[in-house]
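One structure below.
The chains carry the letters A, B, C and D, assigned in the order they are written, with residues numbered from 1 in each.
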Amino acid sequence: MIIQLKKDIQQNQRLDLEQGLNQLNIEFYPVITQMGTYFICTPIQEFDIRKIGYFKGISDVHRVTGNHKMVSSKWKLDRTIIDCGDGVLIGDNNLAMMAGPCSIESEEQINDTVESLLKNGVRIMRGGVYKPRTSPYSFRGLGMEGLKMFYQACNKNGIKIITEVMESAQIEEMMPYVDIFQVGARNAQNFNLLEALGEIDKPVLLKRGISGTIDELLYSAEYVFKSGNEKLILCERGIRTFESAYRNTLDLNAVPILKEKSHLPVVVDPSHGIGIRKHVIQMALASAAVGADGLLIETHKTPEKAATDGQQTLSFKEFDELMLKLKKLKEIF
Amino acid sequence: MIIQLKKDIQQNQRLDLEQGLNQLNIEFYPVITQMGTYFICTPIQEFDIRKIGYFKGISDVHRVTGNHKMVSSKWKLDRTIIDCGDGVLIGDNNLAMMAGPCSIESEEQINDTVESLLKNGVRIMRGGVYKPRTSPYSFRGLGMEGLKMFYQACNKNGIKIITEVMESAQIEEMMPYVDIFQVGARNAQNFNLLEALGEIDKPVLLKRGISGTIDELLYSAEYVFKSGNEKLILCERGIRTFESAYRNTLDLNAVPILKEKSHLPVVVDPSHGIGIRKHVIQMALASAAVGADGLLIETHKTPEKAATDGQQTLSFKEFDELMLKLKKLKEIF
Amino acid sequence: MIIQLKKDIQQNQRLDLEQGLNQLNIEFYPVITQMGTYFICTPIQEFDIRKIGYFKGISDVHRVTGNHKMVSSKWKLDRTIIDCGDGVLIGDNNLAMMAGPCSIESEEQINDTVESLLKNGVRIMRGGVYKPRTSPYSFRGLGMEGLKMFYQACNKNGIKIITEVMESAQIEEMMPYVDIFQVGARNAQNFNLLEALGEIDKPVLLKRGISGTIDELLYSAEYVFKSGNEKLILCERGIRTFESAYRNTLDLNAVPILKEKSHLPVVVDPSHGIGIRKHVIQMALASAAVGADGLLIETHKTPEKAATDGQQTLSFKEFDELMLKLKKLKEIF
Amino acid sequence: MIIQLKKDIQQNQRLDLEQGLNQLNIEFYPVITQMGTYFICTPIQEFDIRKIGYFKGISDVHRVTGNHKMVSSKWKLDRTIIDCGDGVLIGDNNLAMMAGPCSIESEEQINDTVESLLKNGVRIMRGGVYKPRTSPYSFRGLGMEGLKMFYQACNKNGIKIITEVMESAQIEEMMPYVDIFQVGARNAQNFNLLEALGEIDKPVLLKRGISGTIDELLYSAEYVFKSGNEKLILCERGIRTFESAYRNTLDLNAVPILKEKSHLPVVVDPSHGIGIRKHVIQMALASAAVGADGLLIETHKTPEKAATDGQQTLSFKEFDELMLKLKKLKEIF
């Protein structure tokens, strides 16, 4: 059960409610987000929901069966739209495009990418400055220096930035330069990081774990929401299976299921989802056709020279081709 | 290496070629299909391919590296189109639709389905009469009696039939009533069945194994082809993963990969691929967008009363809706 | 519910029972095996079990909840012991060893293997004459000729034979020369083959499917049992996972679970389970320690020259070493 | 290539070596651990290894092909033994037992467990105070307060403590009370945490990721080692597969493979590996038989009342039984 408090609830009304819940022997967790205040209740026994409705200062009371509470579509019928500022939205009826290199490499690279995005009317640029790499001997990103460079080039062009954060300690420093914090697949159940991201007021994109279930992804989102941040985006990026013909197995079943179970926007990363450059466009089209709210696409002026992930990165020309096809697709759905 | 013989090769030319290969110490497998005669060679050492080119009666010599030979796109650049008769094609630029119930139940059911297909211009009906069931206590199909009923209703309406065959011994009896033989996921590596299907002149649709790799699916097709039947269709139907939120995990990565590696048409079964009725339409659209050559869709007048698989079966009305959306999609690709 | 009939039930008693069940509206499947006659009932509603007990000619009535009936440990508390003849047992308290080459290659090879087995007191030899191979271009076994050779060498030395059968049509021909029919992982859900094996009176060893669940393995056994053959052995042989460091992932969890759920003996194939020769001994010891009723081990005089599976085959010397260690292990458990 | 420096290498010798490597155009990473100083070199081209041997102050030069360097068995032939202090060793020829509850709950619980351990001669107690939980609404451990309580009861009894750390920021505070830091399966690729643990001088036990490959586990160990901490233990705890009959699929293949590839000790957690109390003893025996260097076992006075993981926790009596059986097993291997 979720009790949504009125924005103007008075202190004594809130105390009354808390006492009432205690008397009814109902455990509750207060959740305060950018959007509102909620009490999440996990009553052990069935009881008459009207007993709660009597209290003053309550905006609404929702029954939510199932394990997930705040992220569930059972209480919030309207789909959540994430406002990244300056009119950049994720989850409205447009397909939000987030494109750019796997790793930020240089100012020139950023400027080239920005140009490609502007040409296609894309408002969000992706690019990693902290790179989680399986091997400690691989290139691991330019760090804060790279992020500042990234920010400067994008900010003056009205482009929003999505980039990965790897631990709680990085959040504060990154904060001024980031528009959307991305949690990578390897950190999908790094609960401390999730809770720390719950305490800030910036959108967070959660990638599904490498072999994460739908259920686990929703629980990870619940961690962030419960800690106070409602601005959440879920991302399917391919799962690990027995098949070795591609890097990951893009699981597009996840899109309609996540949209059924949750009110949060769902985006897809087809670049990681198949990991093979020449097939990314087709997988991106399928992702759009299945109802994704946005796409994360790796692009680079010269993919074969990219510091990381070149094998799955589109050239700018290929990206233009994708955008054209997506435009046609959007016209019919 | 594949040596394609001329249709009018003379007996002495063929003997010369065989002797020549023996002298060059090249092992070869003769393959005779409906379309032509081939020698598949697996030479142990590199040698000058022109030494083969000298022989008379040869139409072409193709180098084919990699494990798969006859099904590989390396020797046959044109994509294979399967002719099911009466102008019903699979693998041309149209999306071949195969729809109908999981199990054939009654004459009335078949007639209802035929009507739904005709209304939508669909030319192939699916329906099982031999049902592979995990439990021996489940309904296992109407058998030959059902197939004959199925055939009568379809034949007079110009509808082609695709149905599953479960063992070699059934082929002969089923032969007059079947237009496309389907090999189910559980029999994907039933090599005896595959070879027996190689000896007939009817199209065969191979479903990917429950946890079958891309490589294994191509090898299974190679079994049929090598035994003499080129009329092959590959089918992605979802794989088994750790995820339990859906029946199977539809692997749309498989479509572009199979089309890259093989010249055979590739179709998708989104009904089994997700296993949840309300999401089948979206998965079907994604399958079309990713480039599938056809779709297998489970439909029923009253899905909730279907003998099997009702939970993933579209009603006729939902099927109409799907066909409308697919029509729009086809216009742009 | 399983109704076990008395061996000497009279025809009129049986008719009474059948009529009684019909009147009670209880669907039932009669199962006649080498050991007895059973009615498997799947009543739709709860009813008073004593109503059945009244009938004459009944030996016992067992409530069996859950999906599996005849193979379930819920009705048969004593563990099943498979008698392969001449005192060769599987499922008693000894570890039944089945060793030999992947493929039968020659008379010399068989004789060498028999010698190695006799030396170690092993009574069952494994060896394939029909080999299911992913590629149609691989060696596929010596067929019936090889089997006859296999039989002659073993029979005169009191060694029992286990070998794989690939389709129903082979059973009759193979019958005189085989002591245990093996169903391979790729045929684990070849239901026609399973039913055909249910109609013979020889033990059947069922390998778990390549990605077969515990539940599916038990259902496959149920197919055989329901068709009339109780002489069943279950075999864990490794499953397909994401891990590519070994051929398969040996799942020893399966052993205690299968022994809990079923009364059938459970054996393990560590050779396929890890697929790496130098680690087979350790995996075999683990299999024995976890409670397996027997082991299938690939052995060869010169593994590096074996026609198939040499990379996972023990030399005779390594097999001697394994037998010594197993002997010690048996002393303490 | 790994260059092992002499403990008493002089500053100018080291400078000479560094210059020499630069001149040879060989990139190198200096690694300073508790045990020694190493230069890890990743030369792009083959070169004469003797050119390195000329330099003074070098103890040894090892060629290490393959991706993993410091954790590889290719340069360190002796197996690593972890000294936890007071003669408590992991990786010598004894089976190191680590037992105790999933979660620390109370002083009484700790004392009860200590008593059970002492009785069985077990020197390491496990117990979580920071619990990574899928759901934010689950019990998440007693935190530092619990850890201090845990330490007091164990320290006075000569029992060492292993407990999970969830993020870098916790390390400093936990440091005085922990003997072995455990990295959980969900943090197996939390590279920031791994590097932070590389900077301390306490043993670290790394659990394999929920669907982590052997390769990834070794790379994660490489992260810790490269950051300066050689005291590493690898732990197999079951992987995620399609099988739902148990919580995880214990992958005992991992034990011989990890011991082949790495010089680090390998322990097994059969409690999580199967997740079913009544089968834990058998899986523990299999783990010992396969060659594990130690076992992590969940125990509790009253498993059915445990705050977490009760379904897979042994009672003290069951633990006694396991210890007896393990003792017998150790006598023969």
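We adopt the following convention: a contact is a pair of C-beta atoms (placed from the backbone, for glycine too) under 8 Å apart; a residue touches a chain by one contact, two chains touch by 3 or more.
Just so you know, these numbers come straight off a predicted model, no measurement behind them.
Chains that touch both subunit C and subunit D are the following: A, B. If you compare A-C with B-C, the chain pair joined by more contacting C-beta pairs is B-C.
Subunit A and subunit C have centres, each the mean of its CA atoms, that are 50 Å apart.
In terms of their C-alpha centroids, the spacing between subunit A and subunit B amounts to 39 Å. As a whole-number value, the distance joining the C-alpha centres of subunit B and subunit C reads 33 Å.
Counting only residues that touch two or more partner chains, subunit B has 211, 215, 240-242, 244. By the touch criterion given at the top, residues 211, 213-215, 239, 241-246, 249-257, 260, 273-274, 276, 278-279, 282-283, 285-291, 328-329, 331-332 of subunit C touch subunit D in their complex.
Subunit A makes touch with subunit C in their complex at residues 211, 240-242, 244.
Against subunit A, in their complex, subunit D makes its touches with residues 29, 40, 42, 67, 69, 132-137, 166-169, 186-187, 189-193, 195, 209-211, 215-216, 219, 222-223, 226-227, 240.
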